């Protein structure tokens, strides 16, 4: 097991955003986290990355307890992430953005630049390396975030709604990119509410509702699960999904 | 409790209410627009000179100078907003510090050029004799300033929380783009906030002039207190400024009396830094 | 051609400046004052410009340098320059003490905390008899040896300051090109994103803060050596902090030459307007000074140098090594 | 490219400024530089001193028939230099030691002044006079009292003003006389602002009083330019001393006067150490609150027709205010300089320095209450002395020592 959260609870005052959730991520798999807005999946996600420290429960990475580690310490161990609303370094060029990630494993500027240029090519931003991050649109920024994370050479990459705000064509391109990343042996955890993404990418899915896990299984299993349909998808969406189109 | 100590606390509360009064304008701007107005003390100074001019022109007391100073300062506030602040608030924080610091120098030395360096005061008999409650004495100008300080901070709070104007201004401060989609013109709301904040500062200055000296550099003396009060109370929180003002007033007075006046700043600054460390959002600021 | 000729020209101008104005002691001194201010502002630039942590309390470190230089003389008869390293050490130590708790704060809160700490230090120094208390301390009024660095002409100061400034700028340039420089800029843009990429933001901010503090102390020590006097207001006053910040911001914070450009504008402006208008005693010096700052903030909020970086290609200076030119 | 043009523009502007600054050089005049705080917190005092120095120069250049005893006040300029006129170049020290020193250099090298006078704040006098010393230009300090100024081994530094030790002795003698006359002086409080001026004066007073057996029961240092002085006044009210000595700048002096009335407390004898309490702003705003206040001054307006009265009238005509003590001392400093330059018969700094060392003015030849002017080896005027004045009907009247008094001392302190 690469990444394991056990009995994780995150309370803000009396409100429990995540309530006793246990999820394990196997090496090499693509795990989907889904749930309606406010289900607690983002909070759970941020507990995995270290942006939040859970009220109780533990997070283990490669068998090591990382519950109290900071985001930067986890990044060094090999956990990388993207943000729901892209947090690119706006005053820098695309190349410099990616170099920040590359510097984690390559301390010399020249080596970091080489690594960054390589990753930029891989994610298809090759033409824009010298452009300012500010000049990119939403798809570009999401891609830039993925490139930045990849440049840090992670073992697991956590994508927080990496497809939100993209057009269907852009989504298809993004899915290809994620598949390609997966093929390189990087484990993926994907938080999404676009079902198409989950269905086409995830090996396993965990469904959150009101801070609790309500179902888990393969995408096809959970989309047939009564609880999931009622709590989250709603009948209309379920019908759409079984039709196979969006 | 000895009657002297009680007098110390009463004096502290009164000066504290005044601190709250001249800090409420600053906290409004700071909280609503995320702009530190380094010229705030000089706004107070201009209001004090306005009060002085009102008195020399026709012998008018606070009844005349307070509304006049409020209008004059509100005008200056709106002008500053449209000519300067509107342009620097989207820039980096440094541009805001630079711009408002430059404005501070400009205002301070324009007053210097016009009024000269001499200290001015209003006659101390303007508001009549002090009130005496047993052994406690409360002088009229401070009592008036303290009372109006309470009224103004409370009204500002009510305007922000209970009126349509207030909720629009808050909407703009939360998310200007979203507010714009709802048909609110952010610039108008921000200009209104500056008018309101500077107007309140005008009231403060006119009242302070009744018991303080006025000089071109008096704003410097007052500004630091205002900054500390605002950060202490929580950026943007008018009730926070009130609470912090009263607290600072009493802490200053009691520590100056019990330990020594040179240490009152040490104690206030130390407390302030401790509050920032343990509660960066201030006493009543939003987390 | 132009790209190569311009730096050479500026370098030659900087080296020859005292000779070019050899007829005027005032303009030789002005050159030294510009460099001295540029040293302070460049030091501030490391934390305030590159890392984006707007300190309004650097007077503490400036004061540490200035006081160490003169206290060493007043208490032990050391040449002031010998106190400078002590000042740098004290500044770094104090920066660590202040930095650990305050650098956790963000934005305005950090700025406010630095103001408060600086005022606290000023009040404490005012009551600290060993440091001369409110009366301040003087340096060697009449130089005992050349080591006292007490010169009538400003030319030796000019070259000392030039050497220090060039060293600081070279160091800054090296940092800018290195991992640390990238990390600082990343922290400025988004601390959260930087941390997610393994940037130990707290540590890097602290390093930058300590380095900045140490270099600011150098500026303070040089100031004290040149002027031979420091008191709480001229060493630790809030105006010292604000001036460093304004100078860097005016030229372009976070840019290598920003502080120098700011100093090149503001120091002559200040000195010349004071010489021309100050004697009239109407405060006009500061009306002019304030107005120019306002106008620059209004029309060039990112500083004067942004004018040029904006016109240039979006290429960052990071790509100047020829082997990697795309 | 642009940068380059900017540099050239700045240099151009600088040279232009230099050019205009030098245009005003008149051949016949002796140029003296005066460095005072004309902006910043002390600007009020600085502008008063400026007016007083201008008046002194006017006396030398144009004369006044009523001032026959004052050297050079006969309007013939400087006879020793063929009737040359004095020209004063003022500079603003902006309240900072750095600006003071920068301006000193400018005055010496660009304006070619033959002597400097200033700089009000002691800390600025330190840096400014150091520049004069390096260039070998005489420096006259008419009002800076910090003790260390004359301890630096300077050869070009002259100080005309009495220093803290002189004031402390005056207070001590004055209070002992009052004690003998039956006034209560059992407990004495000292309230001092916490910068160089207040601290140094307070500590010297403490030493002197301890030596003379006067009991200081309470010392209250406070930070200058404070927002509130109520706690200090309440501390006094609690201990209720018989005598209070205030050492304060103008802003705080105004607040003390108001606050003591508000809190209804006054001592039997209230003494102010010059500074803020002598500022024309203070007298204009607060005289009615401090009737009977005892003050220290080196200048007090004597009987009509006396030198001090004539000068005060001239000053009042010029500025609308009475001549205050620090400004009178500045004026005196300028007159001493003028006298020395005249006797030197040269604008050569070394000759002026020698003439300053030989200065020997009698009490009748000075406009202040000094016993005369005579500099010791360190440059201190050994004949400098202080008068004790009292606020009577909105004006300070000299009341002590008896031979220089123009009015009767009235105790206890009345206040408002």
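Think of it as A, B, C and D in the order they're written, each chain with its own count starting at 1.
Heads up, the rule we're going with is that contacts are C-beta pairs under 8 Å (C-beta built on N, C-alpha and C of every residue); 3 or more make two chains touch, one makes a residue touch a chain.
Fair warning: this is a prediction, and the values are worked out from it, not measured in the lab.
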item: Chain of greatest Cα-centre distance to subunit A; value: D
item: Chain pair showing more contacts of the two, B-D and C-D; value: C-D
item: Computed distance of Cα centres, subunit D from subunit A, in Å; value: 74
item: Centre-to-centre distance between subunit D and subunit C (centres being mean Cα positions), rounded to whole Å; value: 36
item: Centre-to-centre distance between subunit B and subunit A (centres being mean Cα positions), rounded to whole Å; value: 47
item: Multi-partner residues of subunit C (at least 2 other chains); value: 123, 126-127, 283, 285-286
item: Set of subunit D residues in contact with two or more other chains; value: 38-39, 43, 46-47, 194, 223
item: Contacts with two or more other chains, residues of subunit B listed in rising order; value: 109, 112, 117, 216, 262, 265
item: Chain-chain contacts as defined at top; value: A-C, B-C, B-D, C-D
item: Subunit D residues touching subunit B - in the complex, by the definition given at the top; value: 38-41, 43-44, 46-47, 194, 220-223, 225-228, 230-232, 234-235, 237-238, 250-251, 254-255, 258, 261-264, 279-282, 284-286, 289
item: In the complex, subunit C residues that touch subunit A; value: 177-179, 182-183, 185-186, 188-190, 192-201, 254, 313-316, 318-319, 321, 323-324, 326
item: Of all residues in subunit B, those that touch subunit C in their complex; value: 30, 34, 36, 83-84, 87-88, 90-99, 101-110, 112-113, 117, 216, 224, 227-228, 231, 235, 262, 265-266, 269-270, 272-273, 276-277, 280-281
item: Sites on subunit C touched by subunit D in the complex; value: 2, 6, 9-10, 13, 24-27, 29-30, 33, 123, 126-127, 133-136, 138, 141-142, 150, 152, 154, 223, 227-234, 261, 264-265, 268, 271-272, 274-276, 278-281, 283, 285-286, 304, 307-308
item: Subunit B to subunit D touching residues, read off their complex; value: 2, 4, 7-8, 11-12, 15, 19, 109, 112, 116-121, 124, 130, 137, 139, 142, 211-213, 215-218, 220-222, 225, 249, 252-254, 256-257, 260-262, 264-265
